[in-house]
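Chain nomenclature is as follows: A, B and C, assigned in order of appearance, with residue numbering initiated at 1 for each chain independently.
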Amino acid sequence: MAPTLVFLEHHDGVLQQGALGVLAKALSLGGDVAGVVLGAGQAVAATCGATVYVCDDPALAVPLPQPRVDALEALVAQTGAETVLFAASVLAADVAAGLAARLGAGLNWDLTDLRLEDGDLIGTRTAFGDTVVVDVAWKGTPRIGLVRAGAFEPAEAAGVANMIPFDATFQGFSSLAKLVERTHEESSGPSIEDADVIVAGGRGLGRAENFSLCEALAKELGGAVGATRAVVDAGWYPYSAQVGQTGKSVSPRLYIACGISGAIQHKVGMQSSGTIVAINKDQNAPIFDFADLGVVGDVEQVVPKLTALLRARA
Amino acid sequence: MRKRKVAGVRPADFVPPYGATDAISAPTDARAERIEVGVLIVGGGPGGLACAIRLGQLLEEHPEIAERLGDVPVAVVEKGKQPGSHLLSGAVVNPRSLRRLFGDRLRIEDIPNYGKVPGESVYMLTRGSAFRIPLPPTMRNHGNWLMSLSQLGRFLGEQAEGVGAAILPETSAEKLLVEHGRVVGIRTGDKGRGRDGQPLANFEAGSDIVAKTTVLAEGTQGHLTAAAIDHFGLHGQNPQVWALGVKEIWKVPRPLRRVVHTMGWPLRKSAKFGEFGGSFIYPMGDDHVSIGFVVGLEYRDVELSAHDLLQEFKTHPKIQRILTDSERVGWGAKTITEGGFLSLPSRFNAPGLALVGEGAGLVNVPRLKGIHYAIESGILAAEAIFRTFQPGEAPTRVGALDSYDASLRESYVWKELREVRNMRQVFDKGFFAGSALASAMIVSKGHLPPKDFATESNAAAPLLRTGRAAQYPPADGKFTFDKLSSVFASGNRTRDDQPNHLRVRTSVPRDVAEMWTWLCPAQVYEVGEDNGDGTVSVKVTPSNCVQCGAISAKGGRLTPPEGGSGPEYTLT
Amino acid sequence: MKIAVCVKHVPDATAQKRLDASTFRLDRTGEGALNPTDLNAIEEALRIQAAHGGEVVVVTLGPAKATDSLRKALAMGVDRSILVTDDAAAGSDLLATSAALAAVLANEAPDLTLFGQASSDGDGAVLWAAVADRLRRPLISQVATLTIEAGTVTGKRQTEFGYDRITAPLPAVVAVSDAINEPRYPSLKGIMGAKAKPQAVLSLADLGLGADASGEAGSRTRVVAVAPPAPKAGRVRIDDDGTAAEKIVAYLIERKLA
């Protein structure tokens, strides 16, 4: 079987966990699997414990998508790869779609799982706020798949990589876009759209000041703070933090709902979160119908204690 | 004689500082800035769109007159996202006026429909049982068609555009422009204001739209219609009254093969409660039914909730059978104008202005119908307006639109409404006494009972408490639903940071505040802190509002929010 | 300066969405609306036009009902619209959709092609990159601020790690995020004037595309099954007896969430 390529994105010299997760998944499916590291020193690729194709052309020095399409096109031609997999990111999505157009290949995205069925690759994705599960496949090869962030865990212990350098030629138009400046904005924490963890507060907090409990817990977990419409309406927290139908739609790995009843208007904005923990005094609150861990209790008691316990662990 | 109990508080004593005339102004835009149209129709419902279509037909036949009306001979402003977005009804439609509107151009079969009424039955319910009762003569629906009013509205909107009308969706009609005693158009609402009214970055100011003639076809609780009736002194003999209907659309595994109406449970018979209403269950093709509950807003119980009555009603074994293995796919609420003949405005036109449809009170309550009256009145208004454009006539002539009133009074609409003129009022006397009087009225074609009954405004009834809410079933999210998830099902996703468009006093006696929280099917009102002076504060969440209009009947006032707000009805 | 904005008519956000049981396609028979982020792209195009002059045209591939969405764009101030609609185009995946849009854009040859980032129906969230590749034009996506100067476009691109400023010569393809602006409301005059603006309707044949380049035939992905999600296993419910915080921590550690 011709190889499966996994695009290994890196940032500041570190391979991204999501991409390593996809690599681990691809390896677990068996067959000839190789990673691809573009535009980084070999040192970056050295520790992923698999066969890795490496191209260090200066055209790949900055994280722009179009030269990466050229490089992957060359590698697919060279290896006869039938499948190219990506872990979703701002960069990877552009590369995957550009490559699909270049190769006339099918692209399935937002995949949450991959499996082989009679030797055929089948992807799983959810639709309509995770209310439907769709199995998708490809017609012909190459197949291109974009996997939802965090869908797969990286392998625990990676070994030394078997590195194979390759060359690519670059299209004129691919290098027209130039990076002129990079800014790492150090904010107080991740934005609510990007956060892996969201601690959200609702009316059950009792009063505006109690949002500090959510903030402290969010800080401990490296997360962002969210809010329901009711408390934003009441002026307890800014609109930019509102999660729900008329606010933001979020899907962090962990969503901790503090004093939130779980009305449908809120649910539609956060139901695709990985794990939902709800703390609410009202045992009949609808949020307990879809929380993974439901705690019937007083947020003023539970949340500070939770924060303290997590802090003690750190 | 029994001693009278101490009367409860009356919502009418707590109306907000808002007068209907606040909605009237002279044009304010500079003359060159005003948008000029020939005929301006406010409201994209069956009445307004029938008016637009009929005018379009007449202008197609007389292009020389269309020419004189400028670039936009006919315009319809609609506050919903599109015609139909805010329309909700049963609906069993009498096709009579649709036939007249389209003549040879269309058959009823070409209009979105769910077929002719296949059969019908009426039941009197008690908590656990149902007795089939003979069909009251007014409720015979043979030959009528099952439709979704929302879908009909969208269809009529397309037809109106097809004959040249300009449809202006997401546009609220905020003020009636009156100059020198004559209606000259409307001012549309601003868009892009924040919670406190401050203009946001994308603020778009409203505009003056001026027209030779303005037609108000706003439907129930018309904002400008109320202002016009006040301003021009068009009040009828009785004050107008309303009912509130809440309905759901269900996807069902088995077709329902008849139209069902029920009376009785869960409403109470005794006259002191003032609970007049009932339910309807209509098939919509083989796989959907529409199920609704309607209650007159003269009710007195603080804890009466039309939404929860519908939920309670669904738990009746008879109804549960219909809805087994089914799924709710839609929800909506709307008031119904119920005053009938004696509450009709004294005139249907004023200088530069015509009133059509439900906003003008043209609803036949015993027959549970108003759509065909809206269409008929729209057609008649269009024809009268067209006459004012004929050579030798002028729309500015005093009394130019009197021919509209005359033709309406000659029409079948008038005759039918007159026949049942006391029907609604007699039910004030309690269900059984009311039934007897109503039957006498039908049999005698309106000659008995011999006197006209007076009626009170809905907000005048003193409130009472009976612990009614304890009877409502809890929401399980599958068969019974809470209000918030229902608002979601209405398609409402109104911007949260709009100015509040609901005028209510925010410090009122607890009974009034609680009555509003139960009344409102969309959970707009909540009781806040006790003020310590016998009143409580009222918290308002305006973005939940589905613009049903109930608050206007019970002591507050609905004004139009930013255009495009509110529900997005598609099947109702 | 000529700006093309690629937009999409999506099922109304509140409508009950479902996949057709036999074709596995999104049931698009219900009400639709303009994809919300496309409004940001239209707004940005109109602002650039106000500063630099020229023409703004909206382009979509979709059902005939997409006219409603295009009308809204025209009401906002866009000059004209192009709708590619064809029964043979139904079921197009990213590849087939990008082929049709690229064909229109090749004919129109705009200086700047704008996309709205993310579509609310979960489809085609990466279309711009495929279109840029087909047109062989530079691409900047996830753009939160945009400036046009002397034949170049500069965008501030928001990534997981911060902001990159990227510049490219025109003609270029840019996808904007909803952070870029606050879309305007259509003015009443805009709404009234929309109907009279040029609204081209093209078939695949008009674009010189064969049936094999579009719809399912032109697609390289397929849906093989649709099912309701498996019920989430292991839903845990506890009453706080004073140890709830400990139990939450244990739960999070067990799932590698803390």
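The definition used in the following text is that a residue touches a chain if its C-beta (ideal position, glycine included) is under 8 Å from a C-beta of that chain, and two chains touch if they have at least 3 such contacts.
Only a predicted model underlies this, so the values are computations on that prediction, with no experimental measurement involved.
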Handout entry: Far-end chain from chain A, centres as C-alpha averages
Key = B
Problem - Central subunit by CA centre of mass proxy - result: C
Problem - Best-connected chain pair, where connection means C-beta pairs in contact - result: A-C
Exercise for the section: Would you mind pulling out the distance in Å between where the CA atoms of chain B average out and where those of chain C do? Expected result: 38
Problem - Between chain A and chain C, centroid-to-centroid distance (C-alpha), Å - result: 20
Practice task
Averaging only over C-alpha atoms, locate the centres of chain A and chain B and give their separation in whole Å.
Solution key: 48
Fill in the blank from the handout: Multi-chain touching residues of chain B, meaning two or more other chains, are 488, 493
Completion exercise
Contacts from chain B onto chain A in the complex sit at residues 477, 484-485, 487-488, 493-497, 541, 543
Handout entry: Residues on chain A engaged by chain B in the complex (per definition of touch)
Key = 229-230, 232-233, 239, 242, 245-247, 263-265, 268, 286, 289
Practice task
Sort out for me which residues of chain B touch chain C in the complex.
Solution key: 35, 72, 75, 81-82, 161, 166, 168-171, 188, 191-192, 200-202, 204, 206-207, 209, 329, 488, 491-493, 568, 570
Problem - Sites on chain A touched by chain C in the complex - result: 11-12, 63-66, 69, 89-91, 93-102, 104-110, 122, 126-128, 130-140, 146, 153, 171, 173-174, 176-185, 194, 197, 221, 253-254, 275, 277, 279, 283, 288, 290-298, 301-302, 305-306, 308-310, 313
Practice task
Please give the residue numbers of chain C that touch chain A in the complex, ascending.
Solution key: 17-19, 24, 93-95, 98, 122, 125-134, 136-142, 154, 157-169, 172, 219-230, 232, 234-240, 244-249, 251-252, 255-258
